[in-house]
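I've put the structures underneath this note.
Consider the two complexes below, in which subunit A is the common component and subunit B and subunit C are the respective partners.
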Partner chain A sequence: HIATSLPLPSERDHLRPRIDLIVFMIDIKSKYSLKNVEASLAHVDTSFFLGKVCFLVTGVGRMNACSIETNAVCKLAEAYCSPVLFCELELEGIRVATAQRLLRMLQICAGHIPGVSALSFVSLMRNSNDN
Partner chain B sequence: MDDTVAEYIRRTVLKIPRDEIKMMLQKWGFLSEAQLQTVNFHQIKDNISQEVVQLCEENSADIKQAAVLDIIYNHIYQNKRMWTVYQMKKSGEELEYFDITDFKKKFKGRLRSALKNVTITFKEYEDNAIWIRVAWGAPNKKPNQYKPSYVVYHSQTPYVFISPSVLKSNLPLLCQALIVASNYHDIREMELRSHSLNSLKDIVFKRYSQNFQTYCPKHMQGGNVEPESADIRIVQENRSEKERIHRLNWEVFGGGPQPKLEYAQYKLETMFKSDPKMGVLDKKEPFRCLVKFSSPHLLESLKSLAPAGMADAPLSPLLTCIPHKARNYFKIREKKGIFPESFVSP
Partner chain C sequence: ENVDPQKTAFLLRKAWTLYSVTPLYRFHRARLGDYARLLSAFIAAEKQKGLAVEVGIELDIRVAVSSLADLRGSEQDQAAVLVQLSLRSQASSRNSEDKLVWLGWFCSVYGDDLSENVPDDFTCLPLFLTHGAESYTSMVGSWFQKTFDCSFRRLAISPLNLSWMVAMWAGCKLDTAVSAVELVFSVPHLSQPLDISYAIHPEDAKALWDTVQKTPGEITQEEVDVFMDCLYAHFHRHFKIHLSAAKLVKVSTAVASAHCDGIVKILHSQYLPGVLMLLTELAMSQIQ
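Entry: the complex of A and B
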């Protein structure tokens, strides 16, 4: 399901399946996209932040056009205890690899991988980020 | 042949891209087809122009013919110049029959009576456009052929498109000659400027696709939202919002291509509204500020703002009124009344 912001329109509530993972996409070229994500975060139920939220920063291939600081995004992700992925959608290889990573995360969040829960996975990811 | 004429022809030919020189010389018609055959159009431009000048020498070209070549070049490359639109007003009489010979005579007469040294050239085109080129001189100076003014006049309309010379002082005289020649009594500059002459014509002749308040079946309007509806497994949560934006955009801009403008400029003379504690401006004076929007194609980019998620729909009427009001330069002042909102001056 793709949405431009949260909250989701209530008219489609009955058509929506259970939400297992929320990926917030931030375009590094747009300050507006960061503001939009920050505003939308307020509408997310706290239970999602136990591993079912992820931030995806796009456009990192064009750092000369970036409008937001990666530092700011990392701080945001830390504040919400969620991981950040960086990718460039214009390159097919990276696009495919990112999609595969997200799919893997989704499988874990949906409970399809025995022995790994969303929470345990996200704490694994946080440890690797603390350099 | 005069040296200055030779040099002018040489420089004009050098401006033309090499692949188009032959075509433009043929349009000019001053050199015969046989003469054109003798020129090698595949050599470097310097040599081509030298050969052309020599042929013109054989035909004894004078400045009048050279000026025609210049008009042809500027007609094809009209978008290199900046054009301003002027509107002429009649004093309320019936429209008289337009006589081109009379127009030319009166125009030349008016200019020459004020300024002896001018070069005036006319060329008519199929779309009823009369192109006028004026090179300006002074009492003791020959006309400067390199800084002419161009005027495009559609005789069935009160509109004139002027690309003035950098020698600005001649503009009032040019305007005067136009109203005298065309039997109007007044001329005013519209706040409408662009490089694209055709787009200016589209706007004032109302040739662009406007959206009239006709009944339009809903399914036709909402049809274009997702042309490449990818996978059925992808669900757009905000579909109704996207459709609303698309519909509003269609209502404002219509379905067709927009006229091509490069700028919109808003000169603000409004009061600065801030928290009184900030004390930014102690005096109650209008805060002078200039807001300029620029784009290779301003109206198309405004049209794509809301669908791209960069602006809320509907857009501010200050932006969307540009083609309807036929202006892209605005002055915004305070409205003097009970509600101090800004208002657009006429």
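Entry: the complex of A and C
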């Protein structure tokens, strides 16, 4: 399911399946996308931040066109205890690899991988980032 | 930092195309006259080869290479090097002057971060500015690359850096700020390209910056963000357009103007060192 901002319209609440993972997409070329994500974060229940939220920064192939400081995104992700992935959607290889990573994360968050919970996975990712 | 305004007046009000340059190997300031002769011969040879095939480009060129002692930041900086290409006057009369057709200069203003980490044989002048036809730039660039084993790259300026520039320059104290602070945005994803120009009265822009900046002489990313957010909010209030989703491509102030393709115009001699320091920093980060 794709949405341009949160909260999702309440009319369809009863039809919506359980949400396992929220990926917030930030376009490095658009300051507006960062502001939009920041505003949308306020509408997310805190339970999601135990491993069911991820930030995806797109457009990193064109740093000459960047309007956002990557530091600011990393600080945001840290504040919300969630991982950040960087990718370039215009390059097919990276696009496919990123999709595969997200799919894997989704499988974990949905509980399809025995022995790995969303929370344990996100703390694993955080430790490897610090190193 | 005592820049003689007379000596640097020729730098003002010209559109300079920016490049970053890696350190020059075995560049000797005592040999500037030799370099001028060698470059001149190189250009004549290019003419023989018929490589510079462009209508209107004359190749009977006189080359002058000189040092600009005043153009530097700290004592560690190398003095700037100026290259001038002039068309030899055809008339035999002594009164006719050579016509200047191309100007290029290498400089470093507070480029200590780079020069500190480089072996002695290398001269660090990371910023290269040119004014004149691209074909001359390419010939001069090729000669320098061959002779000093350096490499040139066009210096692109990101929207993030442009917003730093407009915040800094709009906040500069000027006796007479006659020109508006202008930001030009390009709107992506449209079938027909659309540019939005946002002009602000310079006094309003300076007043806004003064309320945002906490410590005079210091600028933080947060302050630049607040400044830009105020401008975006004001525009959105009036036109319902989110400029923050568009690409900032050019900024203009009474101090200087800059375009994302790496083209800069400096308008005020008082702020020349400040502008060059910023550009030197951008050049260095592109090299490293």
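In this text, the second predicted complex is superposed on the first by the 130 of 131 C-alpha atoms of A that agree within 3 Å, B and C clash if a C-alpha of one lies under 4 Å from a C-alpha of the other, contacts with A are read in each partner's own complex, and residues count from 1 in each chain.
Just so we're on the same page, contacts are C-beta pairs under 8 Å (C-beta built on N, C-alpha and C of every residue); 3 or more make two chains touch, one makes a residue touch a chain.
Please read these numbers as outputs of a predicted model, since none were measured by experiment.
Looking at the shared chain after the overlay, A:9 reaches subunit B, while subunit C stays out of its contact range.
By the touch criterion defined above, A:68 lies against subunit C but remains apart from subunit B after alignment on the C-alpha atoms of chain A. The wider contact with subunit A, measured as residues touched, comes from C rather than the other of subunit B and subunit C. By the touch criterion defined above, A:42 lies against neither subunit B nor subunit C after alignment on the C-alpha atoms of chain A. After overlaying the two complexes on the shared chain, residue contacts for A:32 are found with subunit B and with subunit C alike. When both complexes are aligned on chain A by C-alpha atoms, subunit A residues 32 touch subunit B in the first and subunit C in the second.
Every residue of subunit A that touches subunit C in the complex is listed here, in rising order: 29-33, 35, 63-69, 71-72.
Across the complex, subunit A meets subunit B through its residues 1-5, 8-9, 11-12, 15, 32.
Listed in rising order, the residues of subunit B touching subunit A in the complex are 234-238, 240-241, 309-310. Residues 156-160, 163, 188, 221, 228, 232, 242, 244-245, 247-248, 260 of subunit C touch subunit A in their complex.
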